[in-house]
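Letters A, B, C and D mark the chains as written, and numbering starts fresh at 1 in each.
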Amino acid sequence: MTRVTRWAAILILLAPGWPAAAQTVRFEPAAGTPTFAVREPILRVKPGDTVETRTFSRPGDYYDPEVAGPWPGEVGPFHIEGAAPGDTLVVRILKLTPNRDIAISNVTPGGISAVAADSRTRMLNEDLPARRFVWRLDRERMVGILDLPHSASKRIELPLAPMLGRVAVAPAGEEAWGGLWPGNFGGNMDAADVREGTTVYLPVFHEGALFYFGDFHALQGDGEIAGSGLESTADVTFQFDLQKGKRIRWPRFEDATHIMVAGSVRPLGDAVRIAYVELIEWLVADYGFEKMEAYQVVSQAGVLRVANMVDPNYTVVAKFPKRSLPPPR
Amino acid sequence: MTRVTRWAAILILLAPGWPAAAQTVRFEPAAGTPTFAVREPILRVKPGDTVETRTFSRPGDYYDPEVAGPWPGEVGPFHIEGAAPGDTLVVRILKLTPNRDIAISNVTPGGISAVAADSRTRMLNEDLPARRFVWRLDRERMVGILDLPHSASKRIELPLAPMLGRVAVAPAGEEAWGGLWPGNFGGNMDAADVREGTTVYLPVFHEGALFYFGDFHALQGDGEIAGSGLESTADVTFQFDLQKGKRIRWPRFEDATHIMVAGSVRPLGDAVRIAYVELIEWLVADYGFEKMEAYQVVSQAGVLRVANMVDPNYTVVAKFPKRSLPPPR
Amino acid sequence: MTRVTRWAAILILLAPGWPAAAQTVRFEPAAGTPTFAVREPILRVKPGDTVETRTFSRPGDYYDPEVAGPWPGEVGPFHIEGAAPGDTLVVRILKLTPNRDIAISNVTPGGISAVAADSRTRMLNEDLPARRFVWRLDRERMVGILDLPHSASKRIELPLAPMLGRVAVAPAGEEAWGGLWPGNFGGNMDAADVREGTTVYLPVFHEGALFYFGDFHALQGDGEIAGSGLESTADVTFQFDLQKGKRIRWPRFEDATHIMVAGSVRPLGDAVRIAYVELIEWLVADYGFEKMEAYQVVSQAGVLRVANMVDPNYTVVAKFPKRSLPPPR
Amino acid sequence: MTRVTRWAAILILLAPGWPAAAQTVRFEPAAGTPTFAVREPILRVKPGDTVETRTFSRPGDYYDPEVAGPWPGEVGPFHIEGAAPGDTLVVRILKLTPNRDIAISNVTPGGISAVAADSRTRMLNEDLPARRFVWRLDRERMVGILDLPHSASKRIELPLAPMLGRVAVAPAGEEAWGGLWPGNFGGNMDAADVREGTTVYLPVFHEGALFYFGDFHALQGDGEIAGSGLESTADVTFQFDLQKGKRIRWPRFEDATHIMVAGSVRPLGDAVRIAYVELIEWLVADYGFEKMEAYQVVSQAGVLRVANMVDPNYTVVAKFPKRSLPPPR
């Protein structure tokens, strides 16, 4: 089922009754991938299995406190046994904790930005200057601390809110998306709701689903306007499951209080439309609402988060409070 | 200072040491105005004064439980003594409570919508059908209740979150905006953050500032996607103040936890840009941040609310947590 | 019918059989208006009448070759006898010729632009520098000539294409739009198709229609990306007519080869939608097309002009070739 | 140099002095590809070579007059000898003529559209109905004829304007775009300016450039609003050349009268920005203009074509008249 590959050292921690019973697998990533295009699995698990792992980094890469090197890429893909096109992959984020003491945020001239000219919103104005910010992560107090040498207050402290920028399945067909892209396959959504305690639902387009994750942010504001959060690395534990024959069009999340849909497209208003229309159709399909009545109640209790307004597609998360919903059918 | 006009009966409740001391004025609106174009004040108050009033409604208007009649309009303008172009008007919302037991939300074919074709986002598709929703407001439990005859659950209950859709000063120059417009003068922002406990800051374009308010929503989701919230009426208490010589470009809000800027324009992404750039410039001007450092910290701790995505301009509110800020200068 | 006002000296050139017969009126504007808010006519004409006039300018205003002063405003409103809400005003542009030897184009820091940050598309980037361009108009050869001291070629010569940036009726209701706004009332559309030989159709919202014109451009590129064309002054001859009871929603144009609709809104894609959907509905209503068949033929033969991408609303003109149409019904 | 592959039968028509001299090669495509992801060339040519070929179709595919089958895909890639990343590929379209007597245009419910809800601009409205239009192509008179059974005129005739919807090089890196995507690599731009007589310039990202073409439209309106033009097949002759070490960021076109840049992104306004900013930078780099002077002259003489407003990226072509330019440096 699981196997030691040249990619990774795998330790089966708990495997009573193998192969029928769910297992907890320890997976150490040995490399990252810069795209969602890889089709060769680096790990094979079954529905119900738990994987304890971490985001990938190697010395001298982007997280180097001295000089930011290349992006280490996301980890994957994991093959989930039995997943087939038309199913929904269920990913429970059981744990997500930062595992280093710094985080990096870079501003590069002409780099992606929601509030400055970049390569997709071209302007004649001069680019912003380069700037590199190295945050200290106080993991005891769960705060990020940044020196502000040019500002009056000299320092700021912000509470951390760990999240995974990227969770994905392999995109449909032969399309090979770069790692910066979010879409209906998940990807680089940069959604702060993808955090410990959240369950992520992804549409399955290929046999085995082929799950990827990475791009840990110790903290990130709505819209990720400078193009990066507090980029760092983390320990993460996933539990995988499958909803056979359940077809969804866009990623869904669920936490203690809300059900959510993530829509990713440009412009921002169209991402709002995808997220809200999918949420309404979800209320119709799973909670027994008539369409116009679902439209009405979402209009009154819907919550939006602008996840990112910098990536090739923008991502918006639309939410509905679970306490006002009937049980799903 | 204050005077009884043909528009309103005014009762001076507390006036020790008049005219120097701040007063509490009771104001009963006798009419609404459908635009932000009126220049003749219906009430005159001083900085420091408190006004106890209510949103306007008359029998047979929009809030009629049987048949929705015409919109009653917003109330105003109030003249604030000493306000001059280049100042900032300060409006503290001391109280905002629903004062009737129903709220209305209408869907009209071709009417404004974030998720259906309308007159500004024209499509060849057929319009949505008409639908009128009459919510019961349980003011004891502060919940709104809607019967859902066509849905499996038959009923939904949502916690109320009272807000004012419209707070405004008279717009700059001779422009006479219709009541549906938000802009740099405030107006129909439909921002859920304009609620009890919030202080609203508005740029002053005319002598006396000329303040308007109205469009009470007992509840409204982010984006107000069906074009209306739980439209109802409320008792409201404002306290007015002035920041002389303080020039702001867009409305600002402040509550217990956040400072906020409201940007209003189409498309949605440009509303985000206005709100965030103004927020960054606010951190620079009042909190001593260098621009690139302000950009960095807003990118990590900024919060967005999509207030409305249906009005002639869309409104986005960008927020920054006060606990991470130094004291303003 | 026509009268000498304090605003203007009017000479009735041809008036046989007055008042029944159409007249040619000479009108010298004595002032400009900066908004489309004026309701008091400065001229009264009848359907069929021709008005020979000019755009307004006064010494020291924007067209001063030395220092650009204030904008002189547009001319109007003209009252067209018999025009009532629900009618369509017909304006034939019989003549439009530049009447001075220079044109001005200003770039101001932070000023409106399609390709630089401005007050509606806010960015953190630094503003473009100020620059003022004074074009010579060779009216014999109908070319504009600009010295380019900083460029290798030192000079450029462009063929002129005279157009009126603003043709309008008074907007609906009490709304008082500033002169920079285009909309369903026409206004500052900056459409190069509004030129000699074009017939303009405008919806009538007020008795008398209340027609305005101005903002002559000797030449302007698609999108008017720097926020101004070759701004100058012109002699213009209009002939007015009415289509009683013919209701249109957006301005229409017609020239020798095309019928056209001008849609004005942000963002640009929604302006395209208004223009094309209106064009399709025009084919349905007046040319006997079924909707899906109209959609198909417009998809194959429709032509778009991006008129402006800088004004508070963007304007797009959608066109269909007349030679492929049956006669209108 | 060229070789017979299992993909194609190749006939060397003229080859005096081979291999040094330019050749004319006849290439019969034996298959289509649905993506721009193929890296294995199906033809190898040298700079200066001419290729006489045709777009691909097979019986029962999309162009079947009875029932539209699957899309046959585009043809490619061609390997151009000596092309390396950082070069510019030059493609002269010497000939482009329709080679069948029908063209198809399909409207599918929920299918891509500029003026109806689709999968990227989601709406709650019902989808448009399905409709299939079969145009007759009169290649003698070069007109397309469509029966309009539901319209009063019963028939329409439109002059043809043959164009290639897709010309591309292999996209940068490992990204594997589906055939519907346009981008900086060209692709599905659906630009009517890509026609007989036009020279296309494409940035080279891979050794051999890897050129693709296809998606012939006998006619297509601006924006391609129904998602398809008069889709048909054609004979086409290309001549290839290289500009070694000339780096461009976006596709450029040149015809008898204009130089042009094609920008592809959503939303439409950002596509305009890319196209115009690139055009301005082209004037600066190759024609000796100072930036602000280039901005000024493009603002006055720039021409825009909205190529498509339906594909995953929208494409806009910005043009400048050659007769007003100095010779390129």
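The rule is short, and it goes like this: a contact is a pair of C-beta atoms (placed from the backbone, for glycine too) under 8 Å apart; a residue touches a chain by one contact, two chains touch by 3 or more.
Please read these numbers as outputs of a predicted model, since none were measured by experiment.
S.K.: Based on mean C-alpha positions, I'd like to know which chain lies farthest from chain C.
M.R.: So the chain farthest away from chain C turns out to be A.
S.K.: Decide which interface, B-C or B-D, involves more C-beta pairs in contact, and give its chain pair.
M.R.: If we tally the C-beta pairs in contact for B-D and B-C, the bigger total goes to B-C.
S.K.: Between chain B and chain C, what is the gap in Å from one C-alpha centre to the other?
M.R.: Centre separation, chain B to chain C: 36 Å.
S.K.: So how far apart, in whole Å, are chain B and chain D when each is placed at the average of its C-alpha atoms?
M.R.: Whole-Å distance between the two chain centres: 50.
S.K.: Give the residues of chain A touching no fewer than two other chains, as numbers and ranges.
M.R.: 115, 122-124, 128, 267, 273, 277, 280, 295
S.K.: So in the complex, the part of chain B that touches chain D is made up of which residues?
M.R.: Chain B reaches chain D through residues 113, 115-117, 122-128, 267.
S.K.: Within their complex, state which residues of chain A touch chain D.
M.R.: 34-35, 37, 120-124, 173-178, 263, 265-267, 270, 273-274, 277-278, 280, 291, 295
S.K.: Which chain C residues qualify as touching chain D in the complex?
M.R.: Contact set of chain C toward chain D: 105, 107, 114-115, 128-129, 131, 133, 144, 146, 148, 150-153, 156-158, 219-230, 267-269, 272-273, 276-277, 280, 287-290, 292-306, 309, 314, 321, 324-326, 329.
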